[in-house]
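Below you'll find a set of structures to go through.
Here come two complexes built around chain A, the first alongside chain B, the second alongside chain C.
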Partner chain A sequence: MSYWTAFILTLFSPVIGGFIYGLERIVRARMQGRVGPPLLQPFYDFFKLMDKRSIIIHSFHAFMGVMYLIGTWFALFVLLSGGDLLIAIFFHVLSLAFLVVGGFSVRSPYSVIGAMRELLHMVAYEPLYVLSAAALYLVTGTFQVSGILRSEHVPLIYLPLLFTAVLFSLPAILKKSPFDTAEAHQEIIGGPEIEYSGKFYEAVYTAKWIEYVYAFFFIFLFAGGNHILGALLIIFAFFFFNLLDNVTARVNFRQMVAFHWYILIPLAVINLMLIALWRS
Partner chain B sequence: MDFRKFRKRSPWILHYNTGSCNGCDIEILACLAPKYDVERFGILNRGNPKQSDILLVTGPVTKRAKERLLRLYFEMPEPKVVVAVGACACSGGVFRHMYNVENGVDKVIPVDVYVPGCAARPEAIIDGIVRALEILKEKGKEVELPHWCSAQVKPPVNRVKLLDRCLEELHGRR
Partner chain C sequence: MEKIVYSLFLVPWILALAVFLLPGAHFHRLRQLITFLSLPALSFLTYLVWNGHLPLQIETPQWLELAFTVYDYGLLLYFLYQGIKFRDFLVTVLALFQLFLLTWVLLIMPESSVPNFYVDRLSAFMFLIVSTVGTLICIYATKYMEQENLERENRFVAILLWFLGVMNLAVSVNNIEWFFALFETTTLASYILIRFRWDEVSIKNALRALWMNQIGGIAILLGLLFGIKYYGFTHFTQFLSLSGKPVIVMIPLGFLAVSALVKGAQMPFHRWLLGAMVAPTPVSAILHSATMVKIAPYLILRLSPVIKGTLLAKLLIITTGFVFVGAGLLALTQENFKKILAYSTISLLGLMMLTASMGSSMAILASLTLILFHAVVKALLFMEAGVMEKLFKAKYVEDIRRLVERAPITVAFTSIGFMSMTIVPYGIFVSKWMAIEEASNFLSHGAYVGSIIFMATGGVILALLYFKVIGVMTRKRGEFFRFQLERVPFVYLFATVPLVLFVIVGSIFIAKLLSLSVNPVVEAVIGTPASIIAKGLTLITPVSELYGWQIIGAFVLLLIVPILAYFVHFTGTDRVYEYTCGEKLELNIGTYNFFCIQVVEPFVETAAVALFILTLVLGGGLV
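Let's turn to the complex of A and B:
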């Protein structure tokens, strides 16, 4: 993919993410026996929020909300332009750090609790993404996304356990049940995003759409050069995490971190060791 | 581009119970459940005043709840509308003229739509929200104050100061 195509695709990634989010709301409603909102609902929300008055707590807090959007956007650009996988992961962590700092900077207890839980989310799932970057390097021989997308190997065949682990931690990165402690909508009303309003909430809301594209692009990488398989994997992952979202209740943060560190990360490490043994 | 028409498409709701018997609250939740499913119209129960457009209030506003109600009203960014759901919220209902209630929501904050009924039926609540959306579409973005508050709104709006002024008057009046 050329540089300019990547740039244009990144520019329009909020639109793609908005459609994914709209589809997700419909699928979730159908799974609960409801009709659900129209497909364009996220964009209606977007335009409505443009017209709302923004209440600013202090300028630094609002700035951190905007930086969260820019950080995720940049992480996605690194992925789409065929850059280094580790740098994309690093920028994603950085953008979440902006959200956490913004969450800590206000006095609302829900915001502070949400920011702490957001840190625990990062502790839980980020090692898994770094491990999968290492695994993709072992299989395809490169950290470059463009190289992975051109390789003749299909990483999924070598990394079934790791792919399962990433699939199960998808709710953690997208903050869906069972791993949605950071923005538990019934207890801490959105966590770090609670104090944003108007245009600044819009930035946070859009950043969440971009995270959808980011997470699903990561799933896409597991198909390597086989792009049709990649599309099928994305569709499977989409329905799988919606099902998981609907059938499970929220676990507390200890259970979330324990599940990641005792089950998913060992699975990933076993997969890596088996590949290394098989290679040698 | 005119963003006004999108206000009707995605109204987010804040629901507050000011000492109601929970009858109306259960009917509001019934609107969100599969039978009535108001998410079809983009209505979400956010529970967060800073991101909501419609304030659904139930209950006769007890003395304890009136300050919280006013705070919630001030935390909602404009444009916003208030819907009083149920007989108690409209006029005090069976609690009218008791020592511990304020006789309805409109004694504390301005109300745009009244939904009667004890408890209000889900159909009536949905109808009330639809009426409220028509009012919301026409509203401006200037800061709204309760009708009894004498504070003046000056351009660099400081909502905390306005709230303090209103709370002073609220506790002062008898």
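Let's turn to the complex of A and C:
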């Protein structure tokens, strides 16, 4: 993927993410037997929020919300520009840092708890993504995203267990049930988002759309050079994670970390070891 | 050239003597000046060594050998005396055992004509760290002690300067018996420094540091004994001649590696380093960054060409990797700022030794980068801890709440320090990245799979820890209406600003730094340099690339933005109090201390003991 394609794709990622989010709300509603909002509802919300009076706690907090958007955007560009996969993963951590520092910077219990849980989310899914970078390297022979996208091997065939693990941790990265402890609307009312409003809430909200693109592109990598399969994988992952969101209840953060560390990571490691042994 | 190397040991000692002989309050300025001299003097000498013809082997006269032997006995008798004086059973018994082993070694030690000093680029690399970071800490200490106890300042600074000379000497000796003497001298130095405040806790912790490090000394002596028995080897260079050949008897190497684990405060021997925090803060700074614990990765690096690929190396990878994660987990439960830093040192030392034992050129490169940046960052963070303690009376994480409102400089420096240990463009991250990618090449070995799991999980745990602390510091009540910097004494700034600048500039030009400065060291350690290329700011490794624009982008996000955050004021917006879902409650927001993790502490330690024994028994070939 050239820099220009990556740049344009990154530029329009909020739109793509917004459509995914709109679609998600429809799909989820249909699964519950409701009609759901129109597809463009996220964008209507966007314009409504932009129009609102800006109310902030203090500038530092509001600024961190904006930076979260820019950081996530940049992280997505790092991923799409075809550079090193591990670096792109760690850039994602960097963008998360802004949300966390912003969440910590106000004297609001829900915001502070949410920021802390945001870090715990990172503790849960991050090792899995590092391991999948290593696994993709093992199959395709490169850490470069552009190399993986050109690879003749289809990593999915070699890494079924790892793919399952990533699929199950998708709710953790996107903060969906059962792993939505950081936002937990009924419990801590959105966590780090609670103190944002108006334009600044919109920034945080848009950053989450970009994260959709980020996460689904990661799924896309598991198809290697076979881009049609990649598109199918994304569609499958989309429906799977909406189903999961609908049928599960929220777990607490210990259960979330335990599930990742004791079930998903071992699954990934077993896959990694078997493939390495087979190759050697 | 020999004279330059000798003066690297002697100059700090002379300066130390000068400082020591100028007691009292009225000589304070003069002592500061003398201490300051150590920075240009030692840096210049190191520069000369670095540009000289290396490796350098120096023959020594016979009397020096005798002098070392006499010194050895004197030192061990002093330990024995301390053990009896403070009625410490362990110190006494271990000192007696050391005396016995030393006598045995001297009885069977063969005559050898191998030069007793061996200064290669690895030694020069350690000189570099000692003579910059170490001396800055000494300069810092003059101000710190002025605020604490001016009467005993001369003693304190003299010991620190003397320690630097000892450290320089320790990394350049070739004779293992001499190495033992210097290893135990650093033990002595840490013992005196930890004891410095002479209260009950200090003495107790100092004695603990003493006996734990004595075990390391015993391991060296045992390694030397078996080295003589099986090979007739008494020098490091003789062991290095084994590299590449299949090693039959691992016992001496196993013991030497174990001594490194003890010195590097790896679990279960981590408590001595934690105990060091009762001493004045410069002590922690110097023990954690430039001297003392850095002997551990140094020793492993020395041995890594020989132990590469053996069972010992693999067990070392697993043990140190486990400590990397375990110490990070335990750090989460701590609320004392210095203790958090201590645990993270233990954790990162584990990573240094892990990469050093992997033994490939990329891994060695990662290890050296880690040593360099860790020394700088840990010195910085401990100095900032001292600043917080002296200026803001903050010792616990609870105390540094909302520090950003009062002390923007301190908070900025501390945040840079913390971020540089985990986040994207900084040196420590780059070395971790190289290590993960290197380990991915060997995933058919269980040890490397272990290493990659440890690196992935340990890194994220440390990120959690650091962001927790940064979050506490940056909490604030309202707008920054008046931007005001705190008044930090000049000496403190003089010691910390160069370190911050190095972290930033070194990380931006990481590609150049690695290929021009660190890679020659890799070549000296393992024989072949790592195949990295610097193209502008872009770092090209065999399997991947770190682009310059990524580094710059991350720096813009991480450095410029937080500074900007002070000055950005959104006008045309309304200010409100926190919404908190409309609840009106008395709020007192604390911090998370993860007490739930304390449950696993006994398990972590038990597992660490088991791994430690496994390393010695299986890795050392004692079965």
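By our rule, the second predicted complex is superposed on the first by the 280 of 280 C-alpha atoms of A that agree within 3 Å, B and C clash if a C-alpha of one lies under 4 Å from a C-alpha of the other, contacts with A are read in each partner's own complex, and residues count from 1 in each chain.
Heads up, the rule we're going with is that a contact is a pair of C-beta atoms (placed from the backbone, for glycine too) under 8 Å apart; a residue touches a chain by one contact, two chains touch by 3 or more.
The shown structure was predicted, so the numbers you read here are calculated from the model rather than taken from an experiment.
*Asks:* Looking at A:Pro127 after the superposition, I want to know if it touches chain B, chain C, both of them or none. Which is it: first, second, both, neither?
*Replies:* A:Pro127 contacts chain C only, not chain B.
*Asks:* Please indicate which partner A:Phe90 is in contact with in the superposed arrangement: first for chain B, second for chain C, both, or neither.
*Replies:* Touch status of A:Phe90: second partner only.
*Asks:* When both complexes are superposed, which of chain B and chain C contacts more residues belonging to chain A?
*Replies:* Between chain B and chain C, C touches the greater number of residues in chain A.
*Asks:* With the two complexes superposed on chain A, say which partner A:Gln41 touches: chain B (first), chain C (second), both, or neither.
*Replies:* Only chain B is touched by A:Gln41; chain C is not.
*Asks:* What is the contact status of A:Tyr201 with respect to chain B (first) and chain C (second): first, second, both, or neither?
*Replies:* Touch status of A:Tyr201: first partner only.
*Asks:* Applying the touch criterion given at the start, work out whether A:Val112 contacts chain B, chain C, both or neither, answering first, second, both or neither.
*Replies:* Second partner only, chain C.
*Asks:* With both complexes overlaid on chain A, does A:Lys52 touch chain B (first), chain C (second), both or neither?
*Replies:* first
*Asks:* Touching A:Ile189, do we find chain B (first), chain C (second), both, or neither?
*Replies:* both
*Asks:* Return first, second, both or neither, reflecting whether A:Met31 touches chain B, chain C, both chains, or no partner chain.
*Replies:* Neither partner.
*Asks:* If I apply the document's touch criterion, which positions on chain A are contacted by chain B in one structure and by chain C in the other?
*Replies:* 53-55, 189, 194-195
*Asks:* Can you list the chain A residues touching chain B in their complex?
*Replies:* 25, 29, 32-38, 41, 44-45, 47-55, 185-186, 189-190, 194-198, 201
*Asks:* Would you mind writing out the residues of chain A in touch with chain C in their complex?
*Replies:* Spelled out, the residues of chain A in touch with chain C are 53-60, 62-64, 67, 70-71, 74, 78, 83-84, 86-87, 90-91, 93-94, 97, 100-101, 103-112, 115-116, 119-120, 122-123, 126-127, 130-131, 133-134, 137-138, 142-144, 189, 194-195, 254, 261, 265, 269, 272-273, 275-277, 279-280.
*Asks:* Over in the complex, which chain B residues touch chain A? Could you list them?
*Replies:* 1, 3-4, 6-7, 9-10, 12, 34, 37, 39-42, 46-48, 50-51, 53, 75, 77-79, 141, 143, 159
*Asks:* Which residues, counting only chain C, touch chain A once they are in their complex?
*Replies:* 419, 422-424, 429, 433, 436-437, 439-440, 443-444, 446, 449, 452-453, 455-457, 459-461, 463-464, 467-468, 470-472, 474-480, 543-547, 550, 553-554, 557-558, 561, 564-566, 568-570, 572-581, 587, 589, 592, 596
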